[in-house]
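Chain nomenclature is as follows: A, B, C, D, E and F, assigned in order of appearance, with residue numbering initiated at 1 for each chain independently.
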Amino acid sequence: MKRWFERLFPSLTLSLLLWLTWLLLNGFTPGHAVLGLVLAVLLPLGTRPFWPNVPGIRNLPRLAGFILVVLWDILVANLTVARKVLGPLGDIRPAFVPMPLALEDDFAIALLASTVSLTPGTVSADVSLDRKFLLIHALDVDDEQALIEEIRQRYERPLKEIFEC
Amino acid sequence: MDAVIEWLVAACMVIGGVFALIGSIGLARLPDFYTRLHGPTKATTLGVGGTIAASLLYFSWQARQLQLHEVLIILFLFITAPVSAHMLAKAAMHRQLKRLKGTRGEPWEQ
Amino acid sequence: MSHWIIAPILIPALAGMLLLLEVRERHQLRRVTGLLSASALLAVAVLLWQQAADGSITVYRLGNWAAPFGIVLVLDRLSALMLLLTALLAFPALLYACRGDDRKGANFHGLFQFQLMGINGAFLTGDLFNLFVFFEVLLIASYGLALHGRGRARVKAGLHYVVLNLVGSALFLIALGLIYGTTGTLNMADFAVKAQALSGSDHTLLRVAVLLLWVVFGLKAALFPLYFWLPATYANATAAVAALFAIMTKVGLYAILRVYALAFASGPLAGLGRHALWALALTTLVLAAIGALGAKRLGTLVAYLVVMSVGTLLAAFSYGQLQAVGPALYYLLHSTMICAALFLLTDLVARGRGEAGDTIAAGPAIPHGGVLAVLFFAAAIAVAGLPPLSGFLGKVALMQAVPVPLYWALLLLAGLVGVIGLSRAGSSLFWRTLGPGDGVRPGRQRLLALLLLLAMVLALTLWAQPVLQATASVAGQLQQPQHYIQAVLPGGAS
Amino acid sequence: MNFAYLVLLPFLGALIPPLVARVTANRTALACGAALLPLVALLQLFQPALRVFDGQTLLARWNWVPSLGLSLSFRLDGLALLFVLLVLGIGLLVILYARYYLSAQEKAGRFYAFLLLFMGAMLGVVTSDNLLMLVMFWELTSLSSFLLISFWHDKSDARKGARMAMTVTGMGGLALLAGVLLIGHVVVIYSLVEVLISGDQIKASPLYPLILALVLLGVFTKSAQFPFHFWLPHAMAAPTPVSAYLHSATMVKAGVFLLARLYPALSGTDLWFDTVTLAGMATLLWGAAQALFQHDLKGLLAYSTISHLGLITLLFGLNSELAAVAAVFHIINHATFKASLFMAAGIIDHETGSRDMRRINGLWKYMPYTAVLAMVASAAMAGVPLLNGFLSKEMFFAETLESSHLGALSWLLPLGAVLGGIFSVAYSARFIHDVFFNGEPINLPKYPPHEPPRYMKVPVEILVALCVAVGVFPTLVVGGLLTVAARAVLGGTLPEYHLTIWHGFNTPLVMSVIALFGGVFVYSQRRRLYDGFERLPKLDAKLVFEGVVQRLGRVASLITGQLQNGSLQSYAAWLLALVAVVLLTQMTGLPSLAPQKALLPVDGVSLLCSGMLVAAALLTTLLHRHRMTSIMCLSVVGLMVSLVFVRFSAPDLALTQLSVEVVTILLLMLAMYFMPVRTRGESSVPRVVRDVLLALVIGGGVALLAFLVMTGELSSISPFFLEHSKPGGGGTNVVNVILVDFRGFDTFGEITVLGIAAMGIYALLRDMQLRSARYDSQGRPWASDAHPLVLVTISRPLLPLALLIAVYIFLRGHNLPGGGFVAGLITAVALVLQYVASGVGWVHERMPGDYHPVVALGVLLAGLTGIGSWAFGYPFLTSTHDHFHLPWIGEFELASAMLFDTGVFLTVVGATLLILANLGKLSLLDDKKEGA
Amino acid sequence: MELLVAVIIGVLVSTGIYLCLRARTFPVVMGLTLLGYGVNLFLFAMGGLKIDRVAVVGLNSDPTDPLPQALVLTAIVIGFAMTAFLLVLALRSQGEHHTDHVDGDDEGDREGRR
Amino acid sequence: MILHSALSLTFGLLTVAWLLNLYRLIKGPTLPDRVLALDTMYINSIALIVLYGIQVDSKLYFEAAMLIALIGFVSTVAVAKYMTRGDIIE
């Protein structure tokens, strides 16, 4: 039973995402619920080889929390960055900050990098080839270590919990 | 009620527009490529976000029914825009673009 | 209902797709597929000609939508004749290619079939925008075919050909846009009806549109000053491709003739652009003759002969009230066949001379060149319009139909130039030999293909009378566009 | 047997020698094979000949191309009979002669085949009743003559001589064709039966001068009349049997034959007299004078032939019936003596290895028998009494005296005649004295010469015997033939004439005597004359001709090179200039630019958007040498165009444009890897000005056109689509229904184009050699991170998401903006993204890399959907659609058009990937990056 | 608005044509693309311009002319196919001639040689 | 009414943003700057299309905006990869 289920839904998260997307696009009608389900099964099955290392989500509530945090950070950071952009340019102190990574999963690292980029004020500029460091460019920072710590606290640790533990 | 929503829609819209503009101002104004790279993130997040919120509200209000499909735009953008920024940053580092004086840290060899 | 009329489009399309599906490069299979399709096309073309020969006009409504709203295919004598010509040309050309040229690059057979699809579609369609689409089909296939094989010259010529035709396609769209913007229709028959009723600035706009159409068709037909791409492209193309391309210029001529006969043979817009076409055609004739005189390669010479035939034909088309169309169509059949044959012959000669190729200069002797020499002599006679072959008959017919001193003079001078050029070429290629070279003797299959084409020229000579009667009947039908219009729009214009 | 079959016999006979040659190399067998059918023809001629002598004109006719007035019509009257006899008789003698003339190594089979081909053509000319057919055979004689002259084609002289002969006579033939067509225009029919009795009609026609000029051009070139005579001496590069046959006895007589043939139709006018007589006289004198100075035996004979042809022409030109009779008589006589002389010359050439009279001397001693024959023939040529040449020359002298057409200048004619006679005697004397006497031979390649083989002399003997026989018994031997021939020429009644040797002491006799003695005197003064001639500037016709041809070729190349300069820019400029001309000439007549309907108001965003579009387009152009920047600007244009589509109610177009835009950038980036990033400016100022002007005129014109159409009223077929889209096509998105239903055939063609493009591109890419850049545009080595982690990891799960969107776009297309094409592009882009992120190898581990079948399946599916409607008795692509109800799910609709759209989808996916993936794989062939 | 669109079309066609007349394959490709935009807009405009009148049945009373849109769609696809082909051909030409000059020789401007 | 004013205002803000993007695109000075400007322009266009949808009260333009959000970044990625590796598909 379980194996049958796993074979049908190699990634439940993905299937769920697809099904939701379908319903969002077409409206929540019974017909589309069925059709969306069919697609949510078929598409991941068909493209299975293309996402070999997407890990399953182990902690769904943590994910919700993480998303909220990110959204909040985006809102706040936007305001701070807006001030920098509009204010005198002499004040900004940009920096390249290499951040040691505790994450080991590629997908989680990529998500972290994306999150860093999405929150205004930081852009993830590179991931070292050995996946040990994330290079962050920050628009205005006075304490690199504090920045690293903040990212670690707010994003990396939750991600680790969601995907790896 | 309608007026409230109308105001809400208007507010979201304008907020979106303002942040889109700020992002573009950043793009135009900031001194080096790496700092300019921060501009568009604003446009992506709050800029588009604001207009999407406005649209969402507006059409839900019009149809008297929740219309969430615009959320997908934001979803897709949140997935794809960081990749663009990341790739551009890599390109800039590869090209060894000039940094603003006083930038701490070093870009990586590509 | 009968679906035969669409077969000339679907057969090669189907064959092309099957060839595309065949990924394992089984060459014999590909050849058989291609040749089967070409044979089937020939059979269908004969059938369709028989159907059209009695003067009936068959209309095929695609999607079951009536004209002018849907696209229609129209089979009248002219389209049937052109289909037949295409099929007659395609088989020997393909047969020739199947001796090894088809393997000099990828996808030859597929491209060849799609080329046929495009040509046949252009001849059959009764819709202007659909004509554009089929032009694009035949063009894109021809781009591929023109570049088939290797060689720097081929690539350069191909690039020029492609760029000019892309500009041409843009112009075609502008013309089509104007036609739609003024007449509100895309169906040829409907257009013919509505064009007559225009006035004011729409009238001017339509004039521009139609003149642009002439430019576009003139580019395909290789009319001065639009033919410059042709000699290099044809002379450098693979022989079988060049042979097939002999019909390509005729597609342009066909399009001019079709639209002109339908909409501009009479009525308020009668003779639109006729004088310009006449003048350009004669200029083409002169310049092509000059080009032939100065040609340094046999292939180039033959290519100029193609251009010469275009000038000859278009002048006849644009003379008077279409009264020279019958003889001109006979000449069209002849010139297509003979030019195709000459392209194949040129290739055989070039192979026989090895390194020296088809350069008109002393070179190594051709192994077993006697046969080629005899065939060349015959083909040269035919193409130069010397008796007793169809070239002569065609010229006589044209001169009788177009009693204009200038035309006669140019036609005869062009013939003379052909004689001078071909005799110079022939005596250099076959007689000024420097001993044995590294060339190869002509193989049986290639010779057979060539002989098939020459046999058609001979047939055109022997049965000149029935053929001329047939082309006259084609012309007669063209002179009565109301039948075409009636058949396409039984309920009148939209 | 119908006489007309006789004409065909030689053509048939032409097949025999090559066949015999396959079996045996025996020369006698070959010659017999060649002679067989002509001999049969000659024997078969007996019966019809008798009827002709009875005064009948035999006609035979088969239809060939009646609508052109061209039938195979033959006539055998006296004139034709005379020529048929000449052609067959001398032809047989020439075959016999050639048996010994050609060496064993030579390809005699081919030679005889050509000879018989010519014989047939010549018979065709002389027996034609249809003028068009006559022209056909006329040109055939030129063609076969070309083959015969160039028989020794490894000799440059032969090739050039042959081409010159064919060019000149071919040109004449074309003129003749025009003349004949004009005659047909006047008389309506090409049959000689009609034409010959329509002389008055022709001469009264305003076209007469033109007809005459064209016909005479044919005649003069063929019969080597001044100033078209120059080809004939060079035709002597042919084997001597050919010279004897074609270039003295028969082919060159075709011209004068035509004069005779059309005599009733064209002669009798002042124009005729002036041109024909003048040309004849000029030729007579020029040829005779030149002949004396030729050191080449055949050269002498060639110029002599020219001269005699001039004489005959002159006679026809005199507009006197008696002169015409004399002309016919001289045709016979000249044929006999000149053919025999050529043969004799051939024997001498054969036996001595030389034709140079400065070296050939005193042959009397070595070959007395041949000498006698040659001397008799020469004497006939000189007009010595008791030989045939004397008789016709007497008549000629008499006729020149009779003519008073030139009025006070009439004495010029006899004077010219005597002068011609003098030279004629002089060169004949030279032929006799310089060859057979005049000391010992000098340095001959073959020494000592001998008499030729017995039978090689037979033809000469026969011909010389004829010369003597006619000379002594003219009436008996040739009287009857001359009568019927002359009657045919004159069209019925004959003038009174007597073929006698002795007419008493009269002026012609005096002229003959003067000519004889004068000739001998001139010959005695030869050294001085030769010296004088040597000092004259020489004009070698062959060199001149070759020079002219080559110069023509060069000039042609030059002109062609100017237009056809291999420059795409120039070709494109021509094309666009033509468009500009169209626009400029047509647009001036525009009645009014005032809009016919209210314009849409402009808003700020649109204005700005347009401004940006214009700016981006201009920047794309201005910065085209900074290629990456230019591409960025082009992208802006693409984006703005998409927004224009959004603005003006075309969401389908916007979707399409946006997705095409992405693929285009991918394409450009793939290409830019191999292309230079920057180029220097290289257009000159005038070129730029020209191009800007073209661009402005056309751009402005198109803009104006667009404005006029947009502001005009239009009633179009579109309401039909709006009305029938839902009920007929089963969809509410009219654009999509048009694409997959109303005009589905266009779409079928369109996806075929896409598929073909992919095929063509694949073919182009195979074995393409390109060097990619090892360093980036700033000279740094490329980055080492080929597959950046973030890109790779994000791209992969994006694939199913994008596919979902593609399905969404696809399914809604029939009713709302979307459809198979956009869906296909989204899918393709999502897949290409995998290539970009993870590399070719990675992707191909996960799915097949050959997209040909996808394209094929796509087009096939679309096509089969179309064919499917046949099963229901509807035409190709007829759609069907229906509503279905499933419990729990609800109402939904299926249309066959969706199947068609699936075909579109597959084709787009397949073609796009085929193009992009293969273009991407190009770099794999080039191992530039180590460790990448 | 019509004037604006006409100007856009004019500029696109002009720039397209100017670039088509350049000596290198790259600008020619760019030019043909621009020309394509211009021509597509031209064709599009032939049905007249309408704002927010999408031709979907039942949405608008006075929908825009759908036919030119369908034609433009076809034209866009064909144009894309052609551009792709030309681009690859340009690469091929460069591979054969070792230059991206449209005439395959790099001796600069031909007018200088005449 | 307020909606109308807000729309006009936002349109104005977005078009000014566009102009600034164009300025950066022209000014450069480097290729990454230009690509970034283009990318931003695309993203601003999403907002513009969404707004236009509100203005004309139509959902028909939603897909265009979504399409840009979904695949618009591919061209930016392609150019970026071109800059770093030259070869975008390897």
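Convention: contacts are C-beta pairs under 8 Å (C-beta built on N, C-alpha and C of every residue); 3 or more make two chains touch, one makes a residue touch a chain.
Given the structure is predicted, the values throughout are model-derived calculations rather than measurements.
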Using the contact definition stated above, find the chains touching both chain C and chain E.
-> D
How short can a chain-to-chain path be from chain C to chain F, counted in steps between touching chains?
-> 2
Comparing centres built from CA atoms, which chain ends up most distant from chain C?
-> A
Relative to chain F, which chain has the most distant C-alpha mean position?
-> D
Please compute the C-alpha centroid of chain B, do the same for chain F, then give the distance between them in whole Å.
-> 10
Roughly how many whole angstrom separate the Cα centroids of chain B and chain C?
-> 58
What whole-Å value do you get for the distance between chain B and chain E if each is reduced to the mean of its CA atoms?
-> 32
Centroid spacing, where centroids are CA-atom means, of chain D and chain E in whole angstrom | 40
Counting only residues that touch at least 2 other chains, which ones in chain B make the list?
-> 23, 25, 37, 39, 44, 69, 72, 76, 79-83, 86-87, 90, 94-95, 110
So chain D residues touching two or more other chains come to 566, 568, 570, 572, 576, 647, 651, 702, 705, 709, 714, 716-718, 721, 742-743, 746, 750, 753, 756-757, 760, 764, 776, 783-785, 788, 790-791, 794, 801, 805, 816-817, 919
For chain C, residues contacting two or more additional chains = 129, 133, 136, 140, 143, 147, 156, 159-160, 163, 167, 174, 177-178, 180-181, 186
Which two-chain combinations touch?
-> A-B, A-D, B-D, B-F, C-D, C-E, D-E, D-F, E-F
Chain B contacts chain F in the complex at 6-7, 9-11, 13-14, 16-18, 20-21, 23-25, 27-28, 33, 36-37, 39-40, 43-44, 47-48, 50-52, 54-55, 58-59, 62, 69-70, 72-74, 76-77, 80-81, 83-84, 87-88, 90-92, 94-95, 97, 110
Once bound in the complex, which stretches of chain A touch chain D?
-> 14, 17-18, 21-22, 25-26, 29-31, 34-35, 39, 43-44, 46-47, 49-54, 106-107, 109-110, 113-114, 124, 127, 129, 131
Mind pulling up the chain D residues that touch chain A in the complex?
-> 784-785, 788-790, 792-794, 796-797, 799-801, 803-805, 807-808, 834, 845-847, 886, 888-890, 892
Any idea which chain D residues touch chain C in the complex?
-> 63-70, 132, 135-140, 143, 146-147, 150, 153-154, 156, 159, 162-163, 166-167, 170-171, 173-175, 177-178, 181, 184-185, 549, 552-561, 563-564, 566, 568, 570-572, 574-579, 582-583, 586-587, 589-592, 701-702, 705, 708-709, 712, 714-718, 720-721, 724, 728, 741-746, 749-750, 752-753, 755-757, 759-760, 762-764, 766-767, 850, 852-853, 855-857, 859-860, 863, 867, 869-870, 873-879
In the complex, chain C touches chain E at residues 129, 133, 136, 140, 143, 147, 151-152, 155-156, 158-160, 162-163, 166-167, 169-170, 173-174, 176-178, 180-181, 186
